[in-house]
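In what comes next, chain A is part of two complexes: it sits with chain B in the first one and with chain C in the second one.
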Partner chain A sequence: MDHAVIQLIVSGALMGLVYALVAYGFQLTYATSKSINFGQGELVMLSAFVSLTLTNTGLPYYLMIPGGLLFGVIAGLFVERAGVRLALEQKSEGWILMTIILGLFGISAAENIWGRDDRPFPTPIPTEPIQFFGVSITPLEISVAVGVVLIMVVIELFKRKTLLGKAFEAVSADRDAAELMGISATRTIMLSYGLSGLVAALAGILVSPITTVGPTMASALVLKAFSVAVVAGLESGFGVVIVGLFLGSLESLTSFYVGSGWREAPGLVLLILALAIRPTGIFGKAVIRKV
Partner chain B sequence: MKKRVLTVLLAGLITTQAYAADSIKIAITGPFSGGSAPMGASMRDGAKIAIAEINAAGGIKVGAKMMKFEVLERDDEAKNERGALIAQELASMSDLAGVIGTVNTGVCLAGDKHYQEKGITKIITPAAGSASMTQWSKAKVKDLSIFRLAAHDGIQAAMVVEEAINRKFTKVAMLYDSTNYGVSGRDDMVEQVKKQGNKLQVVTSDKFNIGDKDMTAQLLRAKNAGAQAVLIWGIGPELAAVANGMAKIGLKAPLIGGWTLSMSNFIDNSGKNGNGTLMPQTFIEEPITPKAKAFIAAYHKAYNVKRIPSPVSAAQGYDAVFIFAAAVKQAQSTDTKKIKLALEDLKEPVQGVITTWKKPFTAWNPANEETHEAFRREQVVMGMVQDGHVIFGNDADRKRLISNATSVKGKK
Partner chain C sequence: MLVVTDLYAGYGMSEVLMGTSLTVKKGTVVALIGPNGAGKTTTMRTISGSIKPTRGEIILDGAPVQGLEPSYIARLGLAHAPEGRKVFGPLSVEDNLLLGAFTRLPRFFGFHAKAADDLEKVYNLFPRLKERYRQASGTLSGGEQQMLAIGRALMARPKVVLLDEPSMGLAPVIVDEVFDIIRRLKESGITLLLVEQSAKRALEVADYAYVMERGRIAVEGVPQELQKNERVIAAYLGN
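Moving on, here comes the complex of A and B:
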């Protein structure tokens, strides 16, 4: 029985890490611009399709990854330019609708280009499970976990250790003050959207071998990720990992002990609790309004 | 110049009219794009092979004239509302002889009432959901113009349970998706377990949602309860997630379920984890009879493929056309109402690729949908996934079909 519990926690936590990675994409752009790409899930899907196409042209896996990531960055920048920049300049909330529309456009484009079928995503990473103290886990799942943690550590280090990263943090902390110090907020926001696209592409490449690739592959994922982002608070990169792991395991445990029909329930309860008790999120900073 | 254009136009009119009067106008509907496309397109392509064969032989003799088939194709995209619109459009045509097709039970429910209203003869294939026929028996309609050539879920559920019993399993887990299709499939299976003497103990019964990828919890419950087989009702991608999840947690039990387990998106996405999966099939892509051999070769050649995306749909589309053609010949008319009457009482057996159909349908009786269902248990076999293909699950089925084919020959 013990083994079953650990197995459930491990499998759930793994899905949780993927939620966290998508949530991290939300968090990156929110930090600099207080805006979110509601089409983040579609970026994950489009990047996965592009990567699959690259693989099908015969490109080896390790060369396909940079290609897919590059596409993610470009797509992220496109979303910023086409859907977000003008709305932000005019201090309007138009980006909400614009990013949703871009996302829908992405789904239609994918359906027309690649069709509506779910397709397998080939991977050189073995899918044979290996046993750790009675718990089965596949190398593929380990690669997802490692990839998620690695990219987040790299981006967090970049934000803390490099000059460009510090500009990023400065704009996050206080946009007007940062502009006065000669930091271009527009460029920093571009950077954040590019990074967010990169994260989406990586999520697509990492999870596709497990989830298969299809135009609606990310629609369930992105809702969970949004819950994670809201519960954790949109300020904390570390927070989304903790909440993601927690939510993923909780789902899996609920499904086992309470019943498979209740799988989605804990996430929703958590979301309601967070919004009712701590609207800024568990790891969010309390908002201080100066009057 | 003007005169010439007019003459050309007039000439065109005359020829098309003449053409229309000499042809049997038949519509093929189904999803030719999107997730259900493997089934829809295979059905259409199988039907078109049959039509090409008939037309190449000069058509069907109706009265003094030889008439050829003229095909209208309509893509319903597996959407109920599209299906309803198409049905309305087709039902308004006065010279339509009949309709063949529909993959999705929902589309049948949305559209077939338009055909029934106008009395247009339709053969449903390959939509298998029980509701597309039971809707008429529940409404107690007196006369029905809708027929079906597909192994309905009732037969399939019976076979799934029977297979588990034959393989000497006593403990099974049930898994189903949370859609109408999955839940009604589960109900059919539970009913069959009772009907077949409660020889199976259902140790767990769990559902999953469309889009779910992590099935660990449901599968661990099944494993801990000692399930020897997993009886499953769902659609392609989630079924593949189940097969992959079973391999991961080391649940070594066969998956047995509805015919959707033969969909290419299950077979491709589960890879070798799908091997050994069992499902009812009406046609296996194996050239065991001369008729099957010729059909498979014709399909591969006409559409330049090495594997029919959905062999069941293709074969059913093919046979539906031949059954329909036999009805036209017997009715000696392209009038859809006369064709319907002929279908209910086909005098001559029809040589199909699945079987030789002897009186597939009888006059509609609202108390018994089987009057308009062509398939009985004996025409359905168990298929098994093996390295990307569906093969015969039981050798006995294979031998039976071969001997059936030769015995028919012998009688001739």
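Moving on, here comes the complex of A and C:
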């Protein structure tokens, strides 16, 4: 393979990690409640705007990270309370429409508060490429990769090493039995929406300096993340990373060799193929059971 | 310890329980037997809060609990080992046990040390679980899963244990093993409400028993009496 191809794969893969991160946010809430926030993209966008606003307040620059993340958690909890909980209690699918509506509100709010124009997100991290074996990567891109991997490792450790994390897994495995152990499913679902909001906010903060910040910045992103989540299956955190990297590279190759107008095509084709051939996803597993 | 009075409950429009009453005194094993569809499992599920009763009262250790959330009732000292075991399949045996003690352990770190004594007790009772403590519980055999479900219930140090159909789907040898365990728990002073298809075995281990038919208690008494009751013999102890 020549360097141009490797270069395309590497820069595509980095974007793919952001898809993986947003897809991971879908998985977190799906695990506990079998519901997802269809307004996740708007949550990414709003968190990016909040962080951008924080950088303009004269506070230390990096305070925008905890600030944006905190906003993400609160927004995630709000979505759960306002759009999801009632629907789940009534065993209805109303959360689908409710989360879409909340997302649309989010776009309107952003347009009214910050305007419709895309804005640059200033960053102190250098954007001068560094050469690795003939492939050039910018430190900014590296920061995205590090951020994505770090948050996913932290959340996976939380799920495996703490009792609350194990309770999270227990609710995913069998909600009724978890309740019998004194684990409140309602609170666990809240927790999952909070974490999902955190993940979305981080995606927004990481990606904005590369793209720009605007009310529709995440609409394509979230579609691709959805495609990654479906292709990988809604259970496997490892799977979304693999599929995310794959889709990101594929997009970048497609846009170079076929034409930049075809950039969004691979994600949608993969989504259709997955739904037609293997709706549980490549990494979705049938439950192991032996009686 | 557990007093159920005139309980009505069901699924949607269909009433399953129509005035069930029963009492489990502290330190006794009480059996609830009867045909399929009589409402035994529904009684259990209503006591532990998964089903909300439409009428009636459930008193756990002196406090009314009817209508409360299952997780809240669990915190008040009720452990329910449900029908079909319901172990957390993807989680390890030990994680399942630790989650049994969820209500009294720290949420983040140090929970393992705090549960060490209880783990030791459960492993003494079920050495096979100790051998497999890291295995995903979904890959255990049916008998091992049943033992895990019982162990998990004990981890909570509950005031009352509900045990639903422990022999379901198990080979006779394994059923013997499960009932040996129930007998040992009885000697150690457990307060247990046992639902069981196999009336004969249930009556052998129980201090007191209720026979349920169509959502009501039809007959009750000490096992020695019930074993002589013609109606019970005809319906459940025949052959």
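The rule is simple: the second predicted complex is superposed on the first by the 284 of 291 C-alpha atoms of A that agree within 3 Å, B and C clash if a C-alpha of one lies under 4 Å from a C-alpha of the other, contacts with A are read in each partner's own complex, and residues count from 1 in each chain.
The working rule: a residue touches a chain if its C-beta (ideal position, glycine included) is under 8 Å from a C-beta of that chain, and two chains touch if they have at least 3 such contacts.
The shown structure was predicted, so the numbers you read here are calculated from the model rather than taken from an experiment.
**Q** After superposition on the shared chain, which partner residues are touched by A:184: those of chain B (first), chain C (second), both, or neither?
**A** Second partner only, chain C.
**Q** Is A:117 touching anything from chain B or chain C once the two structures are fitted on A? First, second, both or neither.
**A** In the superposition, A:117 contacts chain B only.
**Q** Of chain B and chain C, which one contacts the greater number of residues in chain A?
**A** With both complexes superposed on chain A, more residues of chain A are touched by B.
**Q** Identify the partner contact of A:12: answer first if only chain B is touched, second if only chain C is, both if each is, neither if none is.
**A** The answer is first: A:12 touches chain B but not chain C.
**Q** What is the contact status of A:256 with respect to chain B (first) and chain C (second): first, second, both, or neither?
**A** The answer is first: A:256 touches chain B but not chain C.
**Q** Applying the touch criterion given at the start, work out whether A:173 contacts chain B, chain C, both or neither, answering first, second, both or neither.
**A** second
**Q** Following superposition on chain A, which residues of chain A contact chain B and also contact chain C?
**A** none
**Q** Mind listing the chain C positions that touch chain A in their complex?
**A** Its residues touching chain A are 48-50, 69-72, 74-75, 79-80, 82, 86-91, 95, 98-100, 102-103, 105-109, 111, 136, 138-142, 152, 156, 169.
**Q** Write out the stretch or stretches of chain A touching chain B in their complex.
**A** It is residues 1, 4, 7-8, 11-12, 14-15, 111, 115-120, 127, 129, 136-138, 210-212, 214, 216, 219-220, 252-253, 255-256, 259-261, 263-264 of chain A that touch chain B.
**Q** Within the complex, which stretch of chain A touches chain C?
**A** For chain A paired with chain C, touching residues are 162-164, 166-167, 169-170, 172-174, 176-185, 287-291.
**Q** Can you list the chain B residues touching chain A in their complex?
**A** On the chain B side, the touching residues are 33-35, 37-38, 178, 206-209, 211-214, 216-218, 220-221, 224, 236-237, 240, 244, 247-250, 265, 268-269, 271.
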